[in-house]
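Below you'll find the structures, each written out as structure tokens.
You will see chain A twice below: alongside chain B first, and alongside chain C after that.
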Partner chain A sequence: MQATLTIKLARVAIVIAIFALWELLSRTGIVNPRLLPSASDTLATLDDLLQRASVRNDLMVTATEVLAAFALAVPFGALIGFLIAENRYFADVAKPLLFFAFSIPKSIFLPMFILVFGVGFAQKVGFGFFSTIFIVIMSTTTAVESVKVEHLTVARSYGATRAQTAFRVYLPSMLPVLLEALRISMIFNLTGVILAEMYASRDGIGHQIATWGENFQMKQLLAGVVMVAAIAMTFNELIRWVETRCSHWRT
Partner chain B sequence: MSAKTLRHLIVVGLIVLWELLPRSGMIPELFLPSLSSTLLAGWNEAGEYGHALAVTIYEVAVSMAFACGGGILLGAIVGSLPRPRLLIMPMVSSLYAVPLVILYPVFTVWLGIGSESKIAFASIYGFLPTMLATAAGIQTIDPQLLLAARSMGATLGQRLVRVIIPAAIPTVLSGLRVGGALVIVGVVVSEMLISSAGIGYLISRYRTILDSPHVFAGVLLVLFMAIAFNTAIRWIERRAAIWQTGMRAGQNAADEIGSGAMQPAT
Partner chain C sequence: MQPLANVTPLKPPPRAGAIEVRNVGQVFRTRSQDVVALEDVSLDIKPGRFVVLVGPSGCGKSTLLMMMAGLRAQTSGTITINGAPIPQPDPDRVGVVFQEPSLFPWLTAEDNVEFPLALRGVAKAERRAKAQDALKLVGLEGFGKRHPHELSGGMKQRVSIARGLVQDPPVLLMDEPFAALDEQTRMTMGDELLRIWAATGKTVVFVTHSLTEAVYLADEVIVMSPRPGRIVDHLQVSLPRPRTYEMLSGDAFGALRDRIWRHIRKSA
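On to the complex of A and B.
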């Protein structure tokens, strides 16, 4: 317990040190404050931005897009992944193709989404879906494969019904892998949506950040970066926390 | 029918569909230009694409040196020392959750819209996953091997050359594969956003004037670049396989990392 506390304190110290260095570099003028506004100014701007209705609206737009893409990609990808993992022949056919699709950069297809969907809501959701689905499929296949055959045999020989096998065997063995998959796909999804917003859009936080950058509004830009980074990290830590809670299910 | 033939048939079928669907007008040419018109568009502007390709490859090469060099070095250090590993690794993987694209506007303000901002962005984009992969892989070196070498009286130099480096090679290669793929994505994405040269810039420019065949020619070119890089690394991996005898644990971990979580995010 002592050791973990020290490590936690050390981590906090590292974060504080980074912000202090940022503040120092800008205040003393080693780095031009116009290019790197000090940390305190940036945080003050962040606070100011969060009060603005337009920024809140942008955040809402981005959140809706991310959630819509996520809600579409996860069940769909999980279904495909499940089918692939359960059927050996289908798996042999599809797996190398999926691996290939997984390894190519998705972002170059962004122009195609604009040509098809325009620059609105559908295009963001579509691109977010496209950049997430492959990782969901791959992770689900891994999750299904992590179910031990012995457990299934035991369940069947004791006459478990389908529902019982699903909830008592599949779900507990797959849950840790699935949570990890959710976390990673959320990273992919968020990156996809924000990239799409930065590339061509009328609203959303990614669009705001790109605009601030083009207008050399460094304070707002850095505040935006800190804001998005904080949101992404919070979500990530949240899922990781749930993951450690569920880890006692892992056999 | 064996799985392999069916797979090949699917690939051939997709390529044929790419040609037929737009030709027959089932998909408008604006959304998906046929394969032949894409190739023709690329061929007609071969000079322009060649020039853009040179710019992009230069940026990719420089960023790769930064990202992979730094990532592998730091990952090796952090991974082999237990204290920094406990301290830093969770922070790094938490940082990995941040969509790094939002940093690109910062780099354009600092470094302008030339090659420098792309190189800076792509280096950072590729750095974190490379470091994570290397640090995770270094840990999989079998401690028994080190123990055996030490008890037979190997000097530090011998241990390094005969045990640690050969054992680390699969890890380093998988780090290189992940990092390299991400660097290509980083460079192309940043060129697509704000830029004045390179393939990403061409894609964006032709997209604005709704010239789909030229857009797809650029997309194809990037695809080929990514595939060529992947093939090259796999070839090196096979050549280096002689190092991996008796390293099943390390090899498995390397495969897992290479194919698993840390692939190019978009």
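On to the complex of A and C.
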């Protein structure tokens, strides 16, 4: 998908328009500035927050939890997904069950995670893992199914070993789908960890955002929202960039 | 006859590219019944011949080809290539060309052609040189850096043929390689294949649905019938080479095609 210059300009214009509207609503008093501090004030607060050691610490806590949950859920989920997809019988049995599990809102399990893990690192990582693993499993099965039988036959006819088939056929076939899975998994993962922080926590950026909200610190609250949104979008775009580089042949 | 000490009976070593099929049978077991896909198929293919297998769907012609490639085991009988059985794929003896979607879309044309060599750990420079030669042979010099999605259907099949030839095996097996191409491209590719065959002297076994294609390309046409799959006719095509488009409307050509058609109509 190659965006032309005018399309890119239109996108930038929309973002600018949203910030301008935000500024305008607040400055003119159409919306009470105590409820909606202006965009410029929010960004100034954001800058101020990022200088604070406590906020940086919260960001580090959240980042560690997110990465730990991600580092556990992705390989574990990918392995399960791979085993399911490779075994026809297992796939037939497990797939509908996975869809059932996937359809349940994960947030309703949060109190149980607190009961089991207490309030702390393990609870956040555990819930992040739980929020992420189903989508990883399902995406991996899709990725395995995207490997074409014809390609496997070609590899076999030229005497490929199992390892060669894995690295030269499975991996490149699956890579675009896997990268997409990675990107979507991170969205689920981040949502899970931040939700867990907002619900019950002593630190982390989610906890800070919840606290600012409860104390009616609207500037800080909005600055926190902008901060997390920016981090999430940056990660998303990064993987998308790798994705397009790895899957140019898919067109 | 006098038995001679120290002298083993002299059997001439089979020339590279000879294929022998002896009493081959194949039975697929399903839950409800056994399906006989091939029954007592015997066939001798001499080195350097261009042999075409034709027959209606389900006659087992592709199955037979996959057995010659070592990609599938027969239930009974033996298949030898260069005088030795082929229990698993052996790229030194056999190159295989499949239907259209068999190129790896993430590799360039030359990387696709190099694939069989890369599997065996051939050094990069040698690989590249051999791939260039193979691409040149199939008329794709200068297209090595393109990806499959940047090539036409005919060009993709040329790349597949180059991949099949890159290790210089004596036998080239082709499973309906032009079936997905349009009529004009198909004719051109037929001529191209005959040129490559004449230049390399390979034994070619070619599976197709098209009777015209069969007669146009072949030295010999093997006609098969379904349920159970067996050989019902073995025609020698004595039309002169090089084959030309004008021959298609000739009497000799028509007579051969009619003879094949009568077999197929009977079994369909």
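We take it that the second predicted complex is superposed on the first by the 245 of 251 C-alpha atoms of A that agree within 3 Å, B and C clash if a C-alpha of one lies under 4 Å from a C-alpha of the other, contacts with A are read in each partner's own complex, and residues count from 1 in each chain.
Assume a contact is a pair of C-beta atoms (placed from the backbone, for glycine too) under 8 Å apart; a residue touches a chain by one contact, two chains touch by 3 or more.
Just so it is clear, the structure is predicted and the values come from calculations on it, not from any experiment.
Peer 1: Taking chain A as the common reference, can chain B and chain C both be placed on it without clashing, or not? Answer clash or fit.
Peer 2: Chain B/chain C on chain A - fit side by side.
Peer 1: Is A:190 touching the first partner chain B, the second partner chain C, both, or neither of them?
Peer 2: first
Peer 1: Does the superposition put A:169 against chain B (first), chain C (second), both, or neither?
Peer 2: A:169: touches chain C, not chain B.
Peer 1: Applying the touch criterion given at the start, work out whether A:207 contacts chain B, chain C, both or neither, answering first, second, both or neither.
Peer 2: Neither partner.
Peer 1: Tell me which partner A:235 touches in the superposition: chain B (first), chain C (second), both or neither.
Peer 2: first
Peer 1: Could you tell me if A:114 is touching chain B, chain C, both of them or neither one (first, second, both, neither)?
Peer 2: A:114: touches chain B, not chain C.
Peer 1: Using the touch definition from the top, say if A:219 reaches chain B (first), chain C (second), both or neither.
Peer 2: Once the two structures are laid over each other on A, A:219 reaches no partner at all.
Peer 1: What angle, rounded to a multiple of 10°, is defined by the Cα centres of chain B, chain A and chain C, with the middle one as vertex?
Peer 2: Apex at chain A; the opening toward chain B and chain C is 90 degrees.
Peer 1: Who does A:160 touch here: chain B (first), chain C (second), both, or neither?
Peer 2: In the superposed model, A:160 contacts chain C only, not chain B.
Peer 1: Check the residue A:148 against both partner chains and state whether it touches chain B (first), chain C (second), both, or neither.
Peer 2: second
Peer 1: Applying the document's definition of touching, compare chain B and chain C: which contacts more of chain A?
Peer 2: The larger set of chain A residues in touch belongs to B.
Peer 1: Once the two structures sit on chain A together, report how near the CA atoms of chain B get to those of chain C, whole Å.
Peer 2: 14
Peer 1: Between chain B and chain C, which residues of chain A are contacted by each of them?
Peer 2: Common interface on chain A, chain B vs chain C: nothing in common.
Peer 1: Spell out the residues on chain A that touch chain C in their complex, using ranges where they run on.
Peer 2: 148, 150-151, 153-161, 164, 168-169, 172-173, 175, 248-251
Peer 1: Where on chain A does chain B make contact in their complex?
Peer 2: 7, 10-11, 14, 35, 89, 92-94, 96-97, 99, 102-112, 114-116, 131, 135, 138, 142, 180, 183-184, 187-188, 190-192, 194-195, 198-199, 206, 209-210, 212-214, 216, 218, 221-222, 224-225, 228-229, 232-233, 235-237
Peer 1: For the complex, which residues does chain C have touching chain A?
Peer 2: My answer: residues 69-71, 88-91, 94, 96, 98-99, 101-102, 104-106, 115-116, 118-120, 147-149.
Peer 1: Show which residues of chain B lie in contact with chain A when the two form their complex.
Peer 2: 3-4, 6-7, 10-11, 30-32, 86-87, 90-91, 94-106, 108-110, 181, 184-185, 188-189, 192-194, 200, 203-204, 207, 210, 212, 215-216, 218-219, 222-223, 226-227, 230, 259-261, 263-266
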